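What follows is a set of notes on a single structure, which appears directly below.
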């Protein structure tokens, strides 16, 4: 039940993009078309869950054991970067179909602060392995949900007659802000 | 006939004569019973709030039109509807600056920066309200708003009472009272009967889609019933929820706002129902007393996705057949 | 004019005008002094023209601009060519008009023709018969037509020309259908008729398709869907699917041309004046509308609109000199006061267009793509090419957007785009 | 030389000022600009990392094998990020607490990696430092101005440093606290971006 | 092959240099960071808890070993002569991280003096009320040590902050942890403050 609350909270209430401000760059960058948004969302779910598990293990069994927690930032970013590289190579060789769909998004994920942020949050919260896994998965789901909803609205907005200076990123940010406002609906539900 | 253009325009050359002015005029007409009741109940301040709100909204739109050097668009009355609805959602003793700022947010952020009428994916009125409520929650507390008033009925905002005192507080209000507006609340949202009459008028005239209203009300009633059945001492009954707060205003005038809602039947039904469900969730387990505003904005966000559920067009995908 | 009903819970229904109770006999317009003919080919000043200003022409003479031209016109009178000039047609296409000064003395001797029961002969000589029979398509070896549908039911509102021709010339119609069958070798020939016209229907050799009376039941795509069990694929023409539509009047003229061994020039037209009262006239092809208006005593002011074709599918012209053409069934004169406004307001997503669209197109989204000139996306995602151009969306549009215009322009631009590739 | 040095420095202040012209580094921009103080703190931390990582990468640009260059950049950037983190923890602890997770996240800030890849790896150390300094100060100015807008409207105060407001509007003002909440951050940045576009056009 | 070797060499060198540099910075700042944490996180909570002490709890702090970690204990002498201690525990499971709770316990009467939230990163407006709004934590005031400090929803006696059950639960966990730690350490605490 607690895990369920954690999941609901991470997806809706503390949505990684709309409430925690993590992963805004890919959020704005890949939401112009629904297809790219869905691709990015899937790639993030994939990488975030794996990164969550690996960084948790690295932190628990390596950094804390050796008492070198100050190397956390360094080791996490290396883990994520090499994980992304590895996933990319693996998919290219073994599952070309999935690679065709996710391929172009994978390199972008290295600099997606949502992934790194989730890993740091998991450690900061001193989650156990299951909680860390659930939290990584549901933050990723929240990322995907926000991205897909935003892409739907943004496609519609871009077809409207947005005044010149507001076009594109500007109106995109304002739309995102309003979506963040609507997500406050979920406040207090768990 | 030297290079004369013979064909100057194409069919159709008929139109059913409907236009935005008529649509919005009818919208305002349908709002009148509830608005007039609000004035009778809460006196001159209520009239002041609605009049200021309506005129401010139109003025802001005009100013924005002038500044951006676009043709004036207040003639379509869209801004007037936004203003009137906005005013009707406020308590009678709202400070003037709140209305000025709120209508600006509604018209500017909610409508004009997206490109004006029809272009906003969100309901402008609700957007203005939501932003205001986030900033100045204390001015939307109906219990403190009417301390100087003498009423012949329980001077408690029903939803806030239920939120703070538990479902037992719902017994303070009879359904008849709520129906006839014998409750405190926003100036235009208390008179259930008037709102229902106005809503049915709009639906019959074809200016609001029945699918939205009906599914929205169904969503509220079903969800509230389930909560109530599971735990009557914690959660108020479905009809109480339907008749209190902004619910009826939402069901007939807010969720039916066309630019932000889907157009196909199944998406409309899902959209309305989802809105109803979210409202009750917010009231019963969320942090808000009345979730109507945010819930409808939330389903606004889902609307473009829902629009993907649509019938196949004639002959679609048969090109290679 | 039809107005929105007070209660509008359900979608509006527009019904076809029917011949009964008043069939309205035609009034013949005398042959005018000047005849205007259209040629769908532009003038090329570098090439030697076969005809020029001042040339004499005979009644029934085929007029061709150049040696290898396929477009032709047939002169309905004897006389002299007074002028050959260009005009701009739909979407800026340049075409040619020929004005012939009528010589009443020579006209009486009509040229006799050797009729041959052969489709290429028909395509080469009979294309300009009243009713504009599509013999060029039927003659095209790349198109395999398996069904011919004679439209006895009018396709647009206000008009009754096809119904009138069908019921008043049953014998000619049956004869024409027989000839049609012989020259085309198409075994299945059907005729559409409004349900109410049963009594007078030709039955012998034709399969009757009883059409409903609610617009757009008689449009080709709807006929195919409702009566031929064939869904017209988006972006295809009925001909590509083996179905050819031909006006009843074309079939009648075919029979009469064969019987007389001469060309036929008299076209039936339904004319609706500003008071919405209906006239039926019979005029020689090429007669300027101004002649008809003066004959019927109809005042047309500068700002009034002359609609050629019906109110839902036609096109407008502001000149009264527009002539009667072989495919002109209807002329509507619209008073300037009732011309609907077109506005630049964006779509407000009210959904009435989607509700009424017989092709189930998401018009509300389609128009957003069209406004931003995204024609490919409009076709791929929102079915631009599935539109059957019935005009109902424009009729109900709350924002008064010229949707029909947008859609036609979109289809035109798309054709250009695809032709370029 | 001096001219190109000035050019590389000033471009970051206007022509390529992040995040308005280079739409990068949005997460910290939105997250920490509740007040001017936070904006300045975040901006300076980022500037520090930018300058030193640019310098080091430029120095090592001929040594780093191309195939592992991104990994090397990341190691260098992460090192400086951790130094900033530790130093802030030691000397500006309250600021460290408010900026929280966004300090380690400088490491994934696209601006830093972007400058390393696009500029420092191809230019001399001096130019690289000028570029890093320009972009960093530009970023700091952006954050501070966005922070100023949000703070003055959303809270009615201006806090430059040390937690105490240097300016307060007064008691009559009801703070429009939407601006300091998450949704307001997006809307404020969007409107400021539009403002910049408007100015840029002229 | 040469390329390969140079790649490995460069990466290894970089990593070791960076590791060494960081270790040096870390050891240089360690003490100061500890002071800062004390000053900004714990001091305000202690001052608020022990509003009427006659000594300086921060200066007189001492550490005790609880087995798996060391605990800093801040002793306070109340004006009425009774003795109290304060120490910090943390409750897991808040949204934005652990919730740090400074709990004050009166050693003579075995009653809670009170509790204050020290660190949190919860949703502004709701979870953060645990820190800003003292009505929630004041429920711990003067509770006996054996009181059930769980939330009412968990069959305890504490009212949750409405709409922030998760945060409230984390706080109660910290309080319960404090009860346990205290009963485990009481003898040693008594020894120290004598």
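First chain written, first letter: the chains are A, B, C, D and E, and each begins at residue 1.
Convention: a contact is a pair of C-beta atoms (placed from the backbone, for glycine too) under 8 Å apart; a residue touches a chain by one contact, two chains touch by 3 or more.
Being a predicted model, the structure only gives us computed values, none of them experimental.
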item	value
Least step count from chain B to chain C, where 1 means the two chains touch	1
Between A-B and B-D, the pair joined by more C-beta contacts	A-B
Centroid comparison with chain A (C-alpha atoms), farthest chain	C
Relative to chain D, chain with the most remote C-alpha centre	C
Rounded Å distance between chain D and chain E, as computed from the means of their C-alpha atoms	32
Separation of chain A from chain C, taking each centre as the mean of its C-alpha atoms, in whole Å	59
Separation of mean Cα positions, chain D and chain C [Å, integer]	67
Shared interface positions of chain A, touching two or more other chains	19, 70-71, 74, 121, 124, 156, 160-161, 166, 171, 174, 178, 181, 184, 187-189
Contacts with 2+ other chains: residues of chain C	346, 365
Chain B, residues touching no fewer than two other chains	109, 113, 115-116, 118-119, 131, 134, 286-287
Residues on chain A engaged by chain C in the complex (per definition of touch)	156, 159-161
Contact set on chain B toward chain A in their complex	68, 109, 112-116, 118-122, 127, 130-131, 134, 278, 281-282, 285-288, 291, 294-295, 297-298, 300-302, 304-305
Residues of chain C touching chain B in the complex	1-4, 6-9, 12, 83, 85-90, 94, 97, 99, 157, 221, 225, 231-236, 305, 307, 309-319, 321-322, 332, 334, 339-341, 343, 345-352, 354-355, 358-362, 364-365, 383, 386, 388, 391-392, 394-400, 402, 404-405, 408
Interfacial residue positions of chain D with respect to chain B in the complex	174-179, 181, 183, 187, 194
Residue ranges of chain D in contact with chain E within the complex	63-65, 67-68, 71-72, 75-76, 78-79, 82-83, 86-87, 89-91, 93-94, 97, 100, 181
